[in-house]
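I've put the structures underneath this note.
Across the two complexes that follow, chain A remains constant while its partner is chain B and subsequently chain C.
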Partner chain A sequence: MSFNTYTTQALDQRPNVNVQTAGSITMFSVHDWDSVVRNRLAQIGALPQGWDGYGSERIGEDVRWFALQILYSSMTKDQMAPSIVPIAGGGIQLEWHTFKGDIELEISRPNQTELYVAFEDDRPIIEMPLSTDFSELTKALREIA
Partner chain B sequence: VSAAFEIPRDERGHPKPHDHPNFDGQKRVIRRVEDNGVHIVLAKDGVGRRISSAIFKNTKPTPHDYVSCDSENCIIERGFEPKSYVADNPKWCGAIILTAESMRLVEREGHPLSIGMWPLPENHCHGAIWGKINSSRAIELLRNCEWLWEAEGVRIVE
Partner chain C sequence: MILHFPNKPPVRDEELASFAKAPVAEVSLGVQLDGLASYNSLHVASFFELIRSEFPNVEEHGPLDPAYETFGASSNPSSIVFQIPLPFPAGGMQAYQGHRFFFVSADGRRLIQLQKNRLHLNWRKLTGDEEYPRHPTLIEQFALVVDKHSKWCADNNLGLPSPTQWEIVYVNRFGLVAADGAQCGLSDYFPWLSGMEGWTEDGAIQYRHKLLNEDNEPVARLNTSLRYGTNSDESREAVLELLVRGAPPANASLRGCIPALTAGRNIIVNRFADMTSETAHDVWGRV
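== the complex of A and B ==
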């Protein structure tokens, strides 16, 4: 999936469905975490202006939609849903914390994100900006989530 | 000393990034904690709860965008008790506190922090933290924090 050409399809449209064809049978599967993530993004989208008590702006649909696209491209259907929190200034953070490590993806705006990965072993912390290639996130999710 | 300090302001009257005497050395910075999934996320065990590093972040770090805080020194100087002062609204479920000195430990070359005052009509002790705080810096800040007002069942860090 290209993140250079993301669209602003409404978040409340039907869940993302994977279509696979086996002979004459077409199979559909919805990600296990789909509804959890969509509900959470909708809650964050409903936060009013000043949601943090100090005038922070609302979390735009472009940011929420971009977050969803990243998850669809980076996660398998059975991985754990991230915790999703708003950030002052209009961003979103996706977080996974397990006994294998921690992953945080800060999304400031579409195509402007920063990845943080800390493994439980003694490997060095990864902290890097990501814009269109989220393979580092995919790799970290495979180990941690 | 803090009362005599004049807050630098821009042409709109908004405070410019500055370091205020209310945040010198061992004087402490308070950050209020909000529940409802705003500042709190699932812990490693998938059951417990912890504070998100997002509590110290602002994704638009311009002179007019900052992370809000409260000055313990200002609150005490005005004759209030800090915990009661920050627990003034049910939207908050706790508050963490750390010294300005320990906050400055996360400063890096080219990434300074300014910790100043941004008084509001409803909160004269409202402060502002300017500067980019990424995840590793925010987590380091959380490690330096203690509870001023403990959020029930929430860990600051793991």
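== the complex of A and C ==
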């Protein structure tokens, strides 16, 4: 596996390394929510221009990849997949609603998101912009999802 | 812009390591971007005209997927995912990016990579004898490419390019031989690997470091990949890839990512020096 694919040749000429891992190991399997999220993001990506009847833009690949990246850096493998909805202007919103509270993360474009957390008890509502550090989302997910 | 590891102070420019014969095989400086709503592949012909005198050869390649560095708190061992592994199912994930074009210099050593949401400048070794042209030269060339790209976007009403990530990668490739030419083990170059008995056949090691900005916020990541093995002539060789990728400063233009790229390069250079041995430094002529 490589971290990038945009180097042009050095990686193609690297020593022929063929590292195989035991097929019986399950500890590093794909996250449980992965396929659900991926399918939903692909569905949203297929929406046409003007999908909402008001001329909204298509939901771009960058926003969808950014959403997936957020989930991989914020969620454990067995947490509940979010509901994912397109929003006007080409963004998407991730939502978790349980009996413990509500979490919504609005993603306008990569690095521009807004977090909203409402707990079922009387703790104050959290509303904050997030760019690259999604630790607050992780904390909220631990409690709610 | 300053980048530093969470447990280390920022590196000052005068503390940067330098090597007379750095084993750099390829360098890539680049940005990911959005905002080019009107872009299509036909526009690329007019970009080619702007750079054709320096980069006269064209190649077409498949598009690169977006890649972002984000930070949370779920890095327990069973949740680590270095790179999102699988393609999206059918649904048009890549349709709008179009192709990725390489515009290659006459000698083949420099190239520009262009796709709707990417712009990169690469330098690469072809024969193995070339001298790495050094970061100040490459960053200056990349800034000129960025300026041409921005002008091209404006002249063709493509939209306003806005960076979403910047990234810099160094690929180092070297034989596992001591200064006297004798074959040696991986731990002779990477002393933190000492303790393994005998020469391992081949392998791959990957790890990541979070990088903080001057306000101690996580904004970038150093991704390290070390692969090694044995070539068909029985020589042993290693490839060390150091990549720093991060979010641009708020409201930055593409050119506004230049200081971040240099900060990323500083991280790479000193990390490279820290993780390699004095034996290796002798081979590479540490200054």
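The rule is short, and it goes like this: the second predicted complex is superposed on the first by the 117 of 145 C-alpha atoms of A that agree within 3 Å, B and C clash if a C-alpha of one lies under 4 Å from a C-alpha of the other, contacts with A are read in each partner's own complex, and residues count from 1 in each chain.
Keep this in mind: contacts are C-beta pairs under 8 Å (C-beta built on N, C-alpha and C of every residue); 3 or more make two chains touch, one makes a residue touch a chain.
None of these values were measured; they are calculated from a predicted model.
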Original post:
Once the shared chain is lined up, is A:62 touching chain B (first), chain C (second), both, or neither of them?
Top reply: second
Original post:
Between chain B (first) and chain C (second), which, if any, makes contact with A:75: first, second, both or neither?
Top reply: second
**OP:** Please indicate which partner A:106 is in contact with in the superposed arrangement: first for chain B, second for chain C, both, or neither.
**Re:** first
Original post:
First (chain B), second (chain C), both or neither: which does A:88 touch?
Top reply: first
**OP:** Pick one for A:135: touches chain B only (first), chain C only (second), both, or neither.
**Re:** second
**OP:** Using the superposition described at the top, determine whether chain B or chain C touches more residues of chain A.
**Re:** C
Original post:
If you stack the two complexes on chain A, which partner ends up touching A:43: first (chain B), second (chain C), both, or neither?
Top reply: both
Original post:
Where on chain A do the contacts from chain B and from chain C line up?
Top reply: 43, 109
Original post:
Can you name the residues of chain C that touch chain A in the complex?
Top reply: 25-26, 28, 30, 32, 34, 37, 64-74, 76-86, 88-94, 96-97, 102, 111, 113, 117-118, 120, 122, 124-125, 164-165, 167, 169, 171, 173, 202-204, 206, 217-219, 223, 225, 227-231, 236-239, 241, 243, 246-248, 250
Original post:
Mind pulling up the chain A residues that touch chain C in the complex?
Top reply: 1-11, 13-19, 27-28, 30-31, 34, 38-39, 41-43, 45-46, 57-58, 60-62, 64-66, 68-70, 72-77, 109-111, 131-135, 137-139
Subject >> In the complex with chain A, residue positions of chain B that touch it >> reply: 32, 34, 37-39, 41-46, 50, 52-54, 57-61, 65, 67-68, 89, 91-92, 120, 126, 134-136, 158
Original post:
What residues of chain A sit close enough to touch chain B in their complex?
Top reply: 40, 43-44, 47, 51-54, 80, 83-91, 93, 95, 97-99, 102, 104, 106-109, 114, 116, 125, 127
